Amino acid sequence: MRIRLSAAKVHNDFIRKVEEMSGQDLLKCYQCGECSAGCPAAFAMDLLPNQVIRLLQLGEYDTVLQSKTIWLCAACQQCYTRCPKGVDLSRIMEVLRDLLMLEQGDKIVIEKLPAETLAEFPQQAFISGFRKYTA
Amino acid sequence: MSEDKAPITRVLIIGAGIAGIQAALDIANSGYEVVLVEREPSIGGRMLQLSETFPTLDCAQCILTPRTVEAGHHERIRLMTFSEVTGITGDIGHFTATVQRKPASVNWDVCTGCGLCQEKCPTKVTSPFDRGMGKRKAIYTLSPQAVPNKPVIDREACTWFTRGKCRLCEKVCPVHAIDYEQQASTTQVEVGAVIIATGYTLYGLENLGEYGYGQVPDVVDGLAFERLLSASGPTAGKVRRPSDGKEPKQVVFIQCAGSRAPETAMPYCSKICCMYTAKHAMLYKHRVHDGTAYIFYIDVRAAGKRYEEFYHRATEEDRVLYVRGKVARVFREGDQVVVWGSDTLSGASVEIAADMVVLAPAMIPHPETLRLAEMFGIPANEYGFLLPAEDNILPVETVRPGVFVAGAVTSPKDIPETVAQASAAAAKVLALFAQWSGVPEAMGISVGADAS
Amino acid sequence: MKRIGVFICHCGINIAGTVDVKRVAEAIRDYPGVVLATDYMYMCSDPGQSLIRQSIKDEHLEGVVVAACSPAMHETTFRKASAQAGLNPYQTEIANIREQVSWVHQQDKEAATQKAIEHIKTIVEKVRYNESLIPLALSLVKKTLVIGGGIAGLQAAIDIASAGYPVVLVERSNRLGGHVAQLSGVYVNFDAARDLLQSKLRAVQENPRIKVFLQTEVEELGGYVGNFTARLKHTADGQITYSEQAFGAVVVATGHSLRPLAMFGEYGGGRYPDIIDALTFERMLAPDGPTGGQIRRPSDGQVPRQVVFVQCAGSRDPEHHMPYCSKICCMYTAKQAALYRQRVPDGQAYVFYIDIRSQGRDYEEFVQSAMTQHDVLYIRGKVARLYEEDGKVIAWGADTLTGKPIEVEADLVVLATAIMPAEGAVELAQRLRIATDEHGFFSEAHPKLRPVESLTAGIYLAGTAQAPKDIPETVAQASAAAAKVLSLFSQRQLVAEPTIAYVDEELCSGCGLCIPACPYQAREMHPWKHKAVVHEALCQGCGACVVACPNKACKLRNLTPGHVLAMMDAYLAEV
Amino acid sequence: MRIPYYPGCTLNTKAKGFDRAARQSFAALGIELAELASWNCCGATFPLSRDNLLDLAGPVRNLVSAAAEGDKLAVACSTCFNVLKRSNLVMRNEEDKREKINFFIEADYAGQVEVVHLLEVLRDEVGWDTLAKAVKKDLSALAVAPYYGCMFLRPPREMGFDNHENPQILENFIRALGAQVADYPHRAECCGNYIAAFDLDTTQEMSYLILASARKASADLIVTSCPLCQFNLDRWQQDLAMKHGGFRPIPVLYDSQLLAIALGLDVTPFDLDRHYVDPRPVLAEKGLI
């Protein structure tokens, strides 16, 4: 991967929108990595949580939007709870999902879920799942 | 040296940067005489070249000039500028130092420092004080606030010396102070103790071909950038790149240029670069609001009071982008300077087409230091830094009794640490002098009955 | 009319970039009494000061106004320059057109220029009414109180006593040596800390001018530079006794404490025996420690085969702990990991870090050798969680360089906990009337050029009480503090500012309201006159008594109601 | 004593046993959990995007209903608790959002209701000592692993009723019932939450960390107060046993179910038979049913 950094890339509108909608300042993060160290879903992620912020700091949002990581964040708040700079990463993840789905449509389609799942899952799982995986 | 002769309560301080000045003031203000030797025409050292200082952004001149002025006027401090110590004999209590003064070509006893000669001098040369960012005349003072405020003639630049023409300064000098025939002079000074505070200089970046220093005009070093930021610098504090005088909109700062590189340059960390680079990026953003600043680093070393907070301020308030990784190549393309680096956190290589690049070169001891080390019989390490008697608990003492060290001459240091060391060296000298002159007893001080 | 000169400083572009200094000079030139108004690039510089001196002589000035930066910065400088030219220094005043004008009105140059003019006029009025004053002479007790018996306090005491002055060294605990006494070997040469300390302890013991009081604290400090009175509280032998002594100077070297393990919930909060702090590990490494230098984990006394070192435990964390860097942890962690590897050759050491801060001679090389020669594995990422399972401590970290989560099953975990001010530091600061920062570290007078002075004259700082620092830096600072004391003691007597309060006996009714109003205990009733009197050495010229006095009998020298009214008139007058 | 009570969707459908056990146990302790006259879904997640005020309207409507019935609102499900409590704080502390939401749902609510979890009611209104005295069955042979999950404790600045790294409320509850606490490290790690709807493998592995660790600590069963946690932990144990050799399934109960058992209530209405890992054998073995 080669990133061409420029003022336009670093200060791009998408990043600004993410900061605004999440209420988080990306440059507050100094990349200590504690979020990644404590994330219970990190093992399944292609980008670690700290790398999500890192790539956004570099204006490299495409890589982030293509990653599996943003869909694997369960908003469990473990990272935010421990972050030495108080960055609420789950808010950033949520905004990334929302923005992506606004463009590309829903991540899951209820009709396509297996009937077995539909029958079994508690209501709560559907509601939260739709909140997170549909626009 | 006769044993029964009373030891001399006068100190020789070599180097009149902030370390030498601080030690001189501490000792002179305690009632003892100081001989302060400086190789440049005026005192103040590196600190005088700085713009603003971290972490408070105090203007360096504002806080330093009171001290240079005080040292310059102090009745117990004898300034010997444009001079070098060329010999030392004797031992603690009875040193005799030979001080050689370079010919200034100006009779300082007569000169009033009016500045007319500098104004009229027709020859302009690149100013080393301004790190090549500006010009000075062939007859010059380091700055308008120089202490002492007396000019010298650069004989390599002056057309009278090079081509036998001009003598304009001589014509305009109202007090006839110009003396083209002036010779180097030698003085012997007798002192009881010595403090070596010859400071540092910067690693020759030309050796790091990959960074283009010396090849690409818009690649400068940190000290040059200080001059650009300085209100009294060549651009009066405006950030302008050397090639075309334009305001750079994208500036890349590269740390560890020659530091932490045992194979290619210096193995050690230069200690101050992380903080001054954060400051540079911050001040750049204060002056160029729509500019973008990138800092390539390996580790951010912000260990000091309010340093970590300062670093965070650079990123949060001034939106400086830190990129963790070393730069491999800097080259010119059109009117831009292209930087190839990497971001080891995202695992990506990084390319920036910048307008200007600022390198943070390794600090190295002043070349003169090795000569002094030999002369005084003080060990130096392989890079030329003097070694104190012991690392942890004798940081300003040396193996040579009566000879002390302070500041960057032993290793890279920032200003507060340098100042503390200077005062520490002063304390050692003061204790010696007090023992030799029996001061407290003479003043009728008794230990007194302590309550218990 | 008093002949007044006005000198306007550009301060480079600090002032001149916003304020039109040429116009200011022109406007002031016509003001009554002003015989000279001029400007210069840096008035504080040598030529700037020469300009003032020369003008005083040439123009026979009787008063000087320097329009420049804050008086805190350069009042002394310019008063001294005036004195050199034969003018009474108290006829020189500063009009602050930098902090109060140019820096705060950068957006409006016109308004800033106007404000600068008005500002200078008020100060011209003040100078017009200024009296020539003579500084006060105060006596000086040449004895020093050193608070704290760690390496900083010891070094300061040795340096001061070596110059022949008596020192009283008080230490709260029952031993000298502080934290250094607890250490094993020091970086970067592994020298035994005890040996290094021993040389200092011997120097203290052998010097008859140093009197040591263990289990002693400073209960109260009264007085002022040169003439402090300390009330010491001695708690030896279970008995509390007090003593009072006079001192001319005080060195505060109270050191530091460590952030307690209980503060780290994510690291077990102190519940797990095999998660210890680095100082505990030092004791384990020290030959005189509880294990005789053997590395044994606390839970079962086994030799730990895997040790995890966690840096920045509570440092660089403004959200939950301390925002600052504790400065020494990177180096001692490298040292501890190296020592562990030396003593347990088949053991594995891991260091989790954010940035390696190895700044000092041979420090970088030392850390590199920990990695290469001692095979310590450095992992860039902060540890998020530590917990115990199956007799192991599991560390959850991440390697931010490969982008992989990391889990280590450790036998022992060592936390580099944040350095905090010593317990009771803030209370001590209040008793000494010195400032602390928001964390409780003592504040230096200036971060660059006055690193060992407090803002209170005669009280100096050394070591980690001021901020985290390592041994060489602490020792240098302690010696520097000693230098300040020696400089102070080199004077025969002290001089103090005469710009303090006085009581107009004609007007004083003896009501006594000014006595409780004074925050410096500088006011008392005359034994029989029934008038208030000022203790000149204690008065700081704050003006609280002026406000309290119903009869306008309390006044400040060179800031009388006459001065203030004239200044107000000038300010409010239509230009 | 009567406390306004919010059951939430899942307790009305899939987790009826959780709801019934709570109501009957509290009744036995002299507290009537009075279901809100009108309530709707809490939304199941607290909206994290700043713009998303719409998702706050639902939970706030419940709070408005609660305000009409009392000054407290008791919640059984820890996810509902999280959403309602945080929404309430928004209404209490963020004027700008408060005005917009009030306008939107035509209400005038300022966050005055106090949202409490049923465990807090036990702790603060009943008291652990009183609870211990009301226990009828001997649970001393039962080792129970408390499971907090995420929603109960985080973010601590908002949820803040217990130490988020070392919580004790479930432990104290278990001890008050006379059972042993199985101490295991992963009681506050996330079970996978809604990821189950997107990536089942990941959810299963996240749950496995918790389950295996509780097993290792010799727990007989796990208690939780979140229906989604209960489902995630309970549902995939057969699959996990196949994936991870040697793993023995462990029952996952709701806290109210354990409470009802301890209080000696007839367990028939509590749907113990509807769990994927049947808790009845171990309960029977310990003489509890």
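Structural remarks
To keep things simple, chains are lettered A, B, C and D as they appear, and every chain counts its residues starting from 1.
To be clear about the criterion, a contact is a pair of C-beta atoms (placed from the backbone, for glycine too) under 8 Å apart; a residue touches a chain by one contact, two chains touch by 3 or more.
Fair warning: this is a prediction, and the values are worked out from it, not measured in the lab.
The interface with the largest number of contacting C-beta pairs joins chains B-C. In terms of their C-alpha centroids, the spacing between chain A and chain C amounts to 45 Å. Annotation: 26 Å between the Cα-based centres of chain A and chain D.
With centres defined as mean CA coordinates, chain D is found 52 Å away from chain C. Put simply, the C-alpha centre of chain B and that of chain C have 25 angstrom between them. Taken residue by residue, chain A touches two or more other chains at 30-31, 43, 50-51, 78, 85, whereas all remaining positions touch fewer.
Annotation for chain C: residues touching 2 or more other chains are 266, 316, 318, 400, 403. Of all residues in chain B, those that touch two or more other chains are 300, 312, 345, 347. Annotation, chain-chain contacts: A-B, A-C, A-D, B-C, C-D (touch as defined at the top). Across the complex, chain B is touched by residues 11-14, 17, 41-42, 44-50, 69, 73-74, 76-77, 84, 142-143, 151, 155, 159, 162-166, 168, 186, 188-189, 191, 196, 199-200, 208-209, 211, 213, 232, 234, 243-245, 315-316, 318, 323-325, 327, 330, 355-365, 368, 400-403, 437, 441, 444, 446-452, 466-468, 471-473, 475-484, 486-487, 489-490, 492 of chain C.
Remark: chain C residues 265-266, 269, 271, 387-390, 394 touch chain D in the complex.
Those residues of chain A whose C-beta lies close enough to touch chain D in the complex are 20-23, 40-41, 43-44, 68, 71-72, 74-78, 80-81, 88, 90-91, 93-95, 98, 107-108, 113, 117, 120-129, 131-133.
Listed in rising order, the residues of chain D touching chain C in the complex are 163-166, 184-186, 213, 216.
Put simply, chain B touches chain A in their complex at residues 249-250, 291-292, 294, 300, 311-312, 315-316, 319-324, 343, 345-353.
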